[in-house]
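What follows is a pair of complexes built around chain A, which joins chain B in one and chain C in the other.
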Partner chain A sequence: MTLTRFVVRRAAGGLVFALVVASLTLLIARLAPGDATTGEAIAMTVEQRAALRADLGLDQPLLTQYGRWLVGLTRFDLGRSSLFKRPVADLVGERALNTALLAVVALVVASLVGIPLGRYTGASHAMLARAVGAASVAVLSLPPLLSALLLVLVAAHTGWLPAGGMTSGGLSGAAWLADLAWHLPVPVLALALPLAATLERVQSRAMAEAIGRPFVDASRARGLTRERTLRVHAWPASLAPVLGIYGVLVGAIFSGSFVVEVVTSWPGLGRLLFDALLARDVWLVAGCGAAGAASLAVATTMADVVHATLDPRLLERRG
Partner chain B sequence: MTRRPVVLLAVLVLVALGAPLVAPYGPAERFRDHQHAPPMRVHVDAGGLYAHPLTLVDRLEQRFDADATRRVRLPWGARAGAAPVFLLGADALGRDVLSRLLHGARASLGLALVATAGTLLLGALLGLWAGYAGGLAERGVTTVGDLLLVLPLIYVVVALRAALPLVLPLGTVVVALAIIFVLLGWPRVARGVRAIVREEAERDHVVAAIALGASRWRVMTRHLLPACLGYLAVQAALLVPMFVLAEATLSYLGLGFPDGVPSWGTALSDAANVAATTRAPWTLAPAAAVFLVVLVTNVLLEPSRHDAVADVSRSG
Partner chain C sequence: MLGLTALFWSTRQPAPSGRLEQGAQAPLPRGGTLVASLRTEPRSFNRLVSRDVATEIVTLLTQARLVRVNRATQQVEPWLAETWTTSPDGQVFTLTLREGLQWSDGAPFTSADVAFTFKAIFDPTTKSVLASGLEVDGQPLTTATPDAHTVVVTYPRPFGPGIRLLDNVVILPRHKLEAAVASGTLSDAWTPTTPPADIVGMGPFVLTRYEPGQRLTFARNPRYWRRDAAGQALPYLDGLVLAIVPNADAELLGLRSGQIDMTQQQLRAEDIATARDLERKGLVTVQEAGVTLDPDVFFFNLRPAAWAKDPRGTWLLTDAFRQAISHAVDREAYANTVYLGAAVPVHGPITPGNKDWFWPDLPRYPFDQAKARALLAGLGLTNRDADPWLEDAAGTEARFTLLAFRSLDRGAQVLKESLEAVGVAVDVVTLETGALIERMVTGRFETIFFNYVSSDTDPAMQRDLWLSSGSGHIWNISQPTPATPWEAQIDDLITRQAASIDQAERVRLFREVQRIFSEHLPALYFAAPRVYLAVSTRVRNATPGVSRPQLIWSADTLAVAPAAALR
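Coming up: the complex of A and B.
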């Protein structure tokens, strides 16, 4: 199977996946007791409430609603949010960007910390390497919910960093960017710590395994230095399982960012979905489901494509 | 390799059942003059362990002074009316954090263990069926299972729970959460069981059993299931921390146990107030309990985890 065919197949699968997930979220939200007008029902007359329901399209039969939503989907029209009084597509796009920023920065930080550390601990028996490995198991056991709570507490206690939110508001240009960077460390670290620990463990094990293989002995026998053997022969050979884990990490980032967004008040997709669910804002829930599933499909496909480009054996195995 | 997870599970069951019995105070017992009282230092004298009782100095600032002239024994077996001793401090309502932590173990670990048992049962049944019957059954189970495995667990849990009425009685909440956990957790178990069964079904002893006329049920339970026991034990030990964390997250969001029920998650949501938590960081003690459960699992199962490394970390 060629890479192009692989990508096309994955993209088609991802599209179906996103559609199924979005439809299921819409169904779940629609079947939940109450609707977007329930919360304000006490302040309205029966006629006003009926008018509002008609305005939101909630008075139609379920299948008609679903059909209309599908038709709108082809034009990227995801309906209107009753909670925010805005088109869902704009809202979801905006928030998805915030989540993507958080996720990408966290992934980069985790890779820059986890992989070099794992390379070191996998190749060394020094006390320091063991200490790093043990610390990594401890951090791995600190799920994003706890790391986020802990970091928010530290930030609030010391006053070094803002404990929540994404911007302070009322700023623009360079000041806005600096303010954003100022708000990033707490949520990014909360998300990146467990990821970095996972990467460290996987890289460490892969490195140790690679060092046990014959070509490493052969390289040493040819007279290459230890450092050069590790860098040129052992490390590249150990990268396959590390790259493989990125596909799984995408799922971890999705779960993790939801919790981190809620704890640190980061205005992302996860928080939006949570608010929409509680407000029974069905179109917004479905929009979040569609956007979330689509980005999940895109991210896992990207991880797999990168993996397959670097390790073409994958294509043969699947073809 | 099956001994470690089994011992771990047995210990967790013991903690879930026994912890509330050793709690010094009731989970809802309030000490009016000890709101946000800090953890007390324990001293030793000839009569055993003791602490200096706290007196409230400033109600607004919630400052306390230890009265060094008086000594109170630890709360276990203390005389009625003695000054309270808070080994892990008190929360915003003046309740003993240690007692609430111990009582919370029943709800948090209990729910996780019940959900784990259900997940193992459903996962093993579906895995056996898919692996042994093959064909359409196998394709159906693996397709649905793979779809569920790809979805970020916590989103689905929150979405399903939020779709139910927000306020439910305790019994209904426990049943609803356990069902949601089982419905989302089974593919992790079924995937491995199916693979083991497919391999095991080719072995001579299974072929012989079929040739001797053993029924399908007998082949599955007597000849195929025993081969999966080690895998099931490891999976059980991995599922418990995952479900403990899911409960903590849900209760933190206000979608888990009702307010009055002491659990690690509801205690965390009480501590979510940043201003209060900076003043009284000891109210985050349940976070330490959750961390400990995950850590012990990770350390004990480290050599046998393989690809499961990601399973625990993605549950967050």
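Coming up: the complex of A and C.
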């Protein structure tokens, strides 16, 4: 299989995946008790509520509503949010950018921390390496909710960093960028710490396995220094399994961002989904689900492409 | 005599041009920006089409009404209308508007704007959420504008709250929205995507920026009409920011870190100690506004059909069963356990926080477990086996399911333990808000523990709760005809009370309503928390009230100390 064909197949699969996830989230949101009119039901007469349900199209059978939504999708119309009275595509677009920023920075930070540490711990038996490994296991057991709460508490008590939010407002240009960077550490660390620990553990194991393989011994026998052997032969060989988990990590980032955004008041997709679920805004829930699934599909495809580029056997295996 | 009094009655007058009466005190600092939290995002900037809290708060900042209900005193104050007179029959209010007022874009404000607003509210294409609240017995209020500064509002029938009803009417600019009303698109006007410059008002602030998910930024309205006692133009603040903070924990952390100056609503009982600690460190001041208007409420599903095939219905629907429950709960202990002492025991829906309508002599059910057991025994409920629960003659256990808001689980637990002590088993199920409300309005519940936010202190403005046909008659919603004789009696009394313009008679009638309510106990109340608010020490002139929003309602007179004054 050529790389182009591989990418096209993965992209098509990603589209189907996003559609299935969005449909399932829509169905699950519809199955929850109540609908978009529930929040105001106590302030309305039965007739007023029925009229509002009709206005929102909620009086139609589920299949009819779903069919209309599918037709809308062909025009990139994700429906209209009953909560915000705005097109879902606009809302999701605004918030997905904020989540993407958080996710990308968290992924970069996790990679910059986790991979070098894993490379070190996989190649060393020193006390420090064992301590780093133990710390990773401890961080891995820390769910993003807890790490976010701890970091927010530290920020609020010390005043070193903002305890929440994305920007301070009233700023523009370079000052806005600097302010954004000032707000990033708490949510980014909350998301990145468990990812960095995951990467460290995977990289460490892969590195240890690579070191034990014959070609590493052969390169040492050819007179290469230990450090050069590790850098030129062992480490590149160990990267394949690490790249393979990036797709999974992106999924973890999106599920983690759901709680981190709520705790740190970050205006992203996770918080939007949370608000939409509480308000029974089914189209917005489906839109958030579709955006999350599409991001996951894109990220896993990119990870697989890089993986396939580094290890062409992957394309051969997939025929 | 009363009629003559009404004829010549007009409101307590403010100083000319809306000046505040202010005692001898240090002048308040002018300038600065205050940051308040907002829990949710506004669904619209048009109060006519949206009733969510965020829209209401944005409207309080940017728009104005003819009269205002002061959240601290709970009394009506002149606002855009400087004075008014009432006809002897209480049906016609002639309001004189302040002269020389301008919208934030400089356009003159006249009675035509008021007439336009009423027209927009009652236009069916607007689908205004305010329309039904501005009807009396299903008939809309009508307006006439004899001149540019006079508005005559006619009620279809005498209505007890009178001019108070107009606190709900947010006056909209005709020159900006007339085309939308004409084309039937007002419901889509002034959405969160509307450029802020297009949103014109007569409130103390103008919206300058909305950053979804983050904040709304407001600047002083330079054409705002109100002045303080020294003649200084209000508001004191240069700007105000509503920071969107999704939960109470984040709000408290924001206060601690100085990111926000005040919270949208009162502190939770469990946060008061933390706030007191911050107060000792000089970061905030904790202010008590009084006792809440909205106590937690526990009620049974009193729809007879819901229990038709359930053997428990024979005793569960009786007054005596609910009276036994009322006797079984130690309200003092409840207030101390659930609200950590920051609450007062209550015996009915009207709390001491409601200054005009609270009745201290309301019949009570003192804590008395023996009496509770005796009442239950009178219903045939005695312990007939080895377990601790009572059973009826057929062996059916005295047991029911209690649905509770997740935030009320502590109260639900105390209630469960109190009832278990007299042999009644309670299975508590906590639900999130949407699921619980859906169960409530569709009648799929046995009992519910809930918090009901009242819209006004005047019972005639809460007819949805009192009338058997009301959507807020939570124990048996929207009855076509009253299910019980006592509900028919309450319907009659509330209708007469709402139609009377004699305040003493209204009070008498409402006490009778409360007496009947207390006798039959369709809903039980145990404690009402005190409303505590935490504000940054740099905030000056905060005037907390018990009605929501407790602090930001007086945004035009809030001030912040300059940084130098805090060093």
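Simple rule for what comes next: the second predicted complex is superposed on the first by the 312 of 319 C-alpha atoms of A that agree within 3 Å, B and C clash if a C-alpha of one lies under 4 Å from a C-alpha of the other, contacts with A are read in each partner's own complex, and residues count from 1 in each chain.
To be clear about the criterion, contacts are C-beta pairs under 8 Å (C-beta built on N, C-alpha and C of every residue); 3 or more make two chains touch, one makes a residue touch a chain.
As the structure is a prediction and not an experimental result, all values here were calculated from the model.
Touch criterion met: A:Glu94 reaches chain C, while chain B stays clear of it. In the superposition on chain A, A:Gln48 makes contact with chain C only, not with chain B. After overlaying the two complexes on the shared chain, residue contacts for A:Val152 are found with chain B and with chain C alike.
In the superposition on chain A, A:Ala123 contacts neither chain B nor chain C.
Once the two complexes are overlaid on the shared chain, A:Asp275 sits against chain C while remaining clear of chain B. By the touch criterion defined above, A:Leu73 reaches neither chain B nor chain C. Of the two partner chains placed by the overlay, neither chain B nor chain C lies in contact with A:Leu102.
Of the two partner chains placed around the shared chain by superposition, chain B and chain C are both touched by A:Pro33. Of the two partner chains, chain B is the only one touched by A:Val259; chain C is not. 32-33, 152-153, 156-157, 163-164, 262-263, 274, 278 are the residues of chain A that lie in the contact sets of both chain B and chain C, per the superposition on chain A.
Within the complex formed with chain C, the residues of chain A that make contact are 32-34, 38-46, 48, 51, 55, 83-86, 90-91, 94-95, 98, 152-153, 155-157, 159, 162-167, 169-170, 262-265, 267-268, 271-272, 274-275, 278-280.
Residues of chain A that touch chain B in their complex: 17, 20-21, 25, 28-29, 31-33, 137-138, 140-146, 149-150, 152-153, 156-157, 163-164, 194-195, 197-198, 201-202, 245, 248-249, 251-252, 254-256, 258-259, 262-263, 270, 273-274, 277-278, 285, 289, 292, 296, 300.
Put simply, chain B touches chain A in their complex at residues 147, 150-155, 158-160, 162-166, 245, 248-249, 252-253, 268, 271-272, 274-275, 277-278, 281, 284, 287, 290-291, 294-295, 297-299, 302, 309-310, 312-316.
For chain C in complex with chain A, the touching residues are 40-41, 43-44, 50-51, 127, 129, 132, 188, 191-193, 209, 211-215, 217, 241, 243-247, 249-250, 253-254, 256-259, 432-435, 437-441, 452, 464, 471-472, 474, 478.
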